[in-house]
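Consider the two complexes below, in which subunit A is the common component and subunit B and subunit C are the respective partners.
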Partner chain A sequence: MTVETPTRYSPLSAWQDALARLPTGVQVRELPFLTQLNLRLQPGSAAAQAVEAALGLTLPGPLRAGMSGDVKLLWMGPDEWLLVAPEGRQHDLVAQLRSAIGDEFATVTDVSAQRTTLALSGHLVREVLAQGCAIDLDPRVTPVGSCLTTVLAQAPITLVVRGDAASSVWLLVRSSFASYLATWLVDACTEYRGGTG
Partner chain B sequence: MNSPFRARGHGHIDRDTTLSFTFDGTAYTGHPGDTLASALLANGVHQVARSIKYGRPRGVLAAGAEEPNALVQIEVPFPEPMLTATTVELYEGLVARGLSGQGRLSSRPDTARYDTMHAHCDILVVGAGPAGLAATLAAARAGARVVLVDELPRPGGSLLGTRELLDGVPATAWVSDVAAEIAACSDVRVLQRTTAFGCYDDGLVLALEKRTDHLGAAAPAHISRQRIWRIRAKQVVFATGAYERPVAFDDNDRPGVMLAGSARAYLNRFGVLSGRQAVVFTTNDSVYPAALELADAGLRTAAVIDAREEVPAYWRTACDERGIDVRAGHVVTGTSGIERLSRAHVAAFSHGRLGDRQGIDCDLLLVSGGWNPAVALFSQARGTLDYDAGIGAFVPAQAPGNVRTAGAASGTFTLTGCLADGADAARRALSAIGRTGRTVALPAAAPLPDAAPGRVLWRVPSPRDSPDGSHQFVDLQRDALVADVLRATGAGLRSVEHVKRYTTIGTAHDQGRTSGVMASGIVAEALGMDVAELGTTRFRPPAVPVAFAALAGRNRGELFDPVRVTALHPWHVEHGALFEDVGQWKRPWYYPQAGETMDEAVLRECRAARTGVALMDGSTLGKINVQGPDAGVLLDRLYTNMMSTLKVGRVRYGVMCGIDGMALDDGTVIRVAEQEFLLTTTTGNAARILEWMEEWLQTEWPGLRVHLTSVTEHWATIPLVGPRSRDVLAVVAPGLDVDNDAFPFMSWRDATVAGIPARVCRISFSGELAYEINVPAWDGITVWKALYAAGSAYGITPYGTETMHVLRAEKAYPIIGQDTDGTITPQDLGMSWVVSKKKPDFIGKRSFSREENRRGDRKQLVGLLPADEQVLLPEGAQIIATSSIPAPPVPMLGHVTSSYRSDALQRTFALALVRSGTRRIGETLYVPLDGRTVPVTVTEPVLFDKEGTRRDG
Partner chain C sequence: MQLIACPWCGEREETEFRYGGQAHVAYPDDPYALDDEQWAQYVFFRDNPKGPFAERWVHSAGCRRWFNALRDTVTHEFLRVYVISAQHPLTTSTAPAAQQRKGQEAI
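This part shows the complex of A and B:
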């Protein structure tokens, strides 16, 4: 065998070309294989403090995400966060967090393959998303750092505003819904592709 | 010029461009800016359809969405039924025909795009007439985020249909100035050709934008034809204007009878004179400016018939100057003509009695019975309405805090009043959201005399003898008469809602815009009640007809419902799998080889699993991680059997029941660590079981220290099944001791499979030696391919859900939801062993001691073997005790829940729920099928390998 086959397949590996052909103004890129851990703990508890100390980060409050460092924390619910880190960190991070938590009550679950992440950017992103997302993405209402779990078209997603004017967002989507979402995104760009699309 | 009814110097149409169109088979021309109705009128065509019930000729009555008659079917470019000619913009090549109340949907699929857009704003203004524009301007200048929706192609609303002046110049100049200013505001979105049709809680307004309909065949395919806007507004201002109301008189449905304000609009918007010789019939002042503008444009106007005793001197003088006879205290009693109107019958009307009738020749009878504020959306928004006896109409009263009306929609009918009202509504809306509006300088309208009161007149007494009102139409589209209203009240109906349903008045496409208030008035008169007491019918969305295609938007075809696929899906597609829909999932159903039928493929797949090795995609199984010190306690309460005693490294099958003791779901539970379990649910129940568990945890047992996390999609799950499965696994997992003693049934091991860290469980849903290999989803294909390659020596066979069902049914493993229906306990399934006798409590426990649940004659799961081994019983078939079908009611003993052809048994078999089934084992029962009965033998449910000798290989 001269061709090396990749050993892993992201949910949107077959969509690279279609996503690359989207009109100017909507860039969509899959960020596959990111480490994703589900954290469940009571805010303000000893476990929360231990986790924050271990990560050197503050757990973000409702509807917010801390996106500055390598390890990002997304608020998912009153006692739930999604930790997102570069590829391959899940085993170390699970061990590190469980050790920090010790006998306190908090749980860490590896869900890295549960969702894939789409990075969207470009001046049309907000308009494309408005075709399927009921959230007001005006930056005055939903500023940078907002983290919303909602639906886009008919797919459950978590949306994180990364850059100004919602021109840069992350969409985290469950793996089984990813190709539906990609189909929807490509379709929603039809109008901006001009008459040839 | 082939349009004899065009008036020079009027109208916002492009006379330099000619558009060709066809109506009812005849070719005509019109101009950009025309509607189909205005172009027809310009060609002298009034009659557009025949009425649905009586087949009477009907003409254009109005100029907008209130039109009750002029329903048309568009044939070209794409067939579309039930549009009003008054709202269809003319385009080149339009082919349409008039409809008699019913259209027909195209038999071809509609290839046009329809989509949806969400929008958010501080203030939504509905209507770009004088009040709406003033409101938008005031809100825009205050820096608010504003959306303005308007149904016409250009802003201006009623100002487009009159020659009114603002600051001494045509009002349209002010409209242009405002439009230009708001277009320059980045926070203002103006949507023309957009009709708000539904108003819901919390300021959600749905609007339909017709984006390319007006382009006809030239519409670009990549732009959506229509778009549903879902607008969420903090404040809504309904500047929706008012609809003119007709008066009922004999033969008031004849082509040539038209609302006066609409004739005025046809002149000023389209440069169309709707006739040659007019008679005007009014109850109020509003027709006089209309009549004067029309007369000045060349319409010969014989007379204004004014039902009031007094006509203001100002208007009488203006009419005298133009030679228009004004007859106060008179009414139109009827019309005559051959189809189209040729004469109006006029009589004095005093103290309820008609004087002598006189005919006046005319081809146009303009009618105004006053104006009804357009309150449908306001009412949908839970605004209340009061009857205003002065204008004979319902006006907004109490409003929720986030909606208000402005202008004619509030019952303000002067231009000055509408402008001021619009600006004021914006100021109040701004104030409601904590913003301050600045004063907006408004232009001055030309002074008019103080309006004299109108007369409220619903109907003119019929000069005919009887029956009363049998030639007076209330709802023209429904062919509903005054006589029908009187029949309803005569039958004892006292509510306008009941009368509406009895007569169908107000139920057509126009939602009773011209008939609803009139109907209330006539009912009130008949009952001797006050209209205020009677009220009006409730308004409901959609306020205008909306195509299903528009409501569906992009949710059709492949986007109709999310298609959920597993990580292995591309392999299944590549290998020719046919798919079964399980909830939103696509699951491989079976993998037919060339020339194979479904039966053949499934028998082959079953044979491979029982004699060699086979594998399937089980990734859709729901998976829930249960973690925390009290995880075992929670599971003991949720499952009927004991879970807390499970050892780390072991697996247990479990059943969950509802509080009624009926089986809810089943699956396996593995103990990952002392404080961590992983349980599986059936594919379709994954979300429901997580919610069920969370509900108990959060509402009943919040003290338990347990967290539940869905990990369904983190894992790809591959059952590897069959006597040779151990051999295959040994090849791909060389480091795993697969020996039966080292890796026994109902245990799990962490292992490296195909070089990938995996969790392997020894569980079986077929009775065969089997392993379930779990890896992160992104590694699924790699592991699957490695198993497939390693198994090729043994003829490894991929199998789908159908084979899975056959294999498990041969072993009588029930599918909750197929072999059960919410009334079946674990004991009914023959699974008493899964119900703990030791646990102090668990969900469903108390129900098992109910007498009803302990009866011996409950329906129980049994096997059925048809006497004819080739007969496949249909699932759902009923089971009876006798070989001939007795007279109804036929006593039914139960029904077939699962039925398959078995390769292992070389025959057909079924599972069934049968009353006293366990006691009937050995009996012969009968299944009615195709007019005969099929004898079947009742058996133990397990039909294959009763001793369980195969599970260890």
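This part shows the complex of A and C:
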């Protein structure tokens, strides 16, 4: 007997056209199906050292993200990180991390379906986000590598500043909030339409 | 909007936080030894001071961690935030600072 698995779809698959029509100053693209693993462990513990050795990465400190490689680490709390990797890596990464951790005290949980990721870029990104986000996105306050879990237009998000001041940003948003956030983004961009954008 | 300083995330808008009531209410060592009145005291009765009050808060929209705060219930000013494993700040050697600060505001 075969079990039919439902077709996989990303929370914002229906929004591709609307997002593509945004002003050039705010390029928004969904990065669907990224591998996302939740890591819970004490910083500095044997488990933390095992994870860092297995990944060849350092667990970033508070409010920071390591975004340079294929495998990215986002600080989510004092004993919690979100590992983000390309699509399809969850099984081998979970196995690799669990074997590295062994009997030490830590958890690795696949949460890939929990959030989808929006990649924003363009010179208006900071201005548009400022309409719904209380965090000061000035590069002097929020430099490249900042990782902030907060609310954008009341929707819970994790915002990662990827490069060049705030002109390149990742927004990780829970799947059930994604279409609301897309609606808000499209609306927040309205005033820049047809202008200098 | 009032800003609250999460020990981990720094200052954030108060809407990112949830209130958790009085801090330092310890679970009874032996709950079965309590009579109904004592159990009701533990479950339902809380202090309601006018002035500095040690409270539990959680940064629910951010790092989702619980912490304690000493808040002045008159001015809503957060006198300090501290980790939940720490002692009540008014019963430790740091108490005079908080008392003094309150005194200064009253002037």
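Following the convention adopted for this analysis, the second predicted complex is superposed on the first by the 186 of 197 C-alpha atoms of A that agree within 3 Å, B and C clash if a C-alpha of one lies under 4 Å from a C-alpha of the other, contacts with A are read in each partner's own complex, and residues count from 1 in each chain.
Keep in mind that, in the parts below, contacts are C-beta pairs under 8 Å (C-beta built on N, C-alpha and C of every residue); 3 or more make two chains touch, one makes a residue touch a chain.
Since the model is a prediction, treat every value here as computed from it, not as a measurement.
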Classify the contacts of A:R29 with the two partner chains as first (subunit B alone), second (subunit C alone), both, or neither.
-> neither
See if subunit A has more residues touched by subunit B or by subunit C, and give me that chain.
-> B
Touching partner for A:A134 - first (subunit B), second (subunit C), both, neither = both
For subunit A, give the residues common to its interface with subunit B and its interface with subunit C.
-> 134
Residue positions on subunit B within touch of subunit A in the complex are 113, 115-120, 145, 220-224, 230, 232, 554-555, 558-559, 561-567, 570, 585, 625, 627-629, 705, 707, 709-715, 755-756, 776-782
Parts of subunit A lying in touch with subunit C, wherever the complex brings them together | 62-63, 76-78, 80, 134, 148-151, 156
Subunit A partner contacts - residues on subunit C that touch it in the complex = 1, 8-10, 12-13, 15-16, 61-65
Could you please specify the touching residues of subunit A with respect to subunit B in the complex?
-> 7-11, 14, 32-33, 38, 40, 105, 107, 109-115, 130-134, 136, 138, 141, 153-155, 174-177, 179-180, 183-184, 187-188, 190-191, 193-195, 197
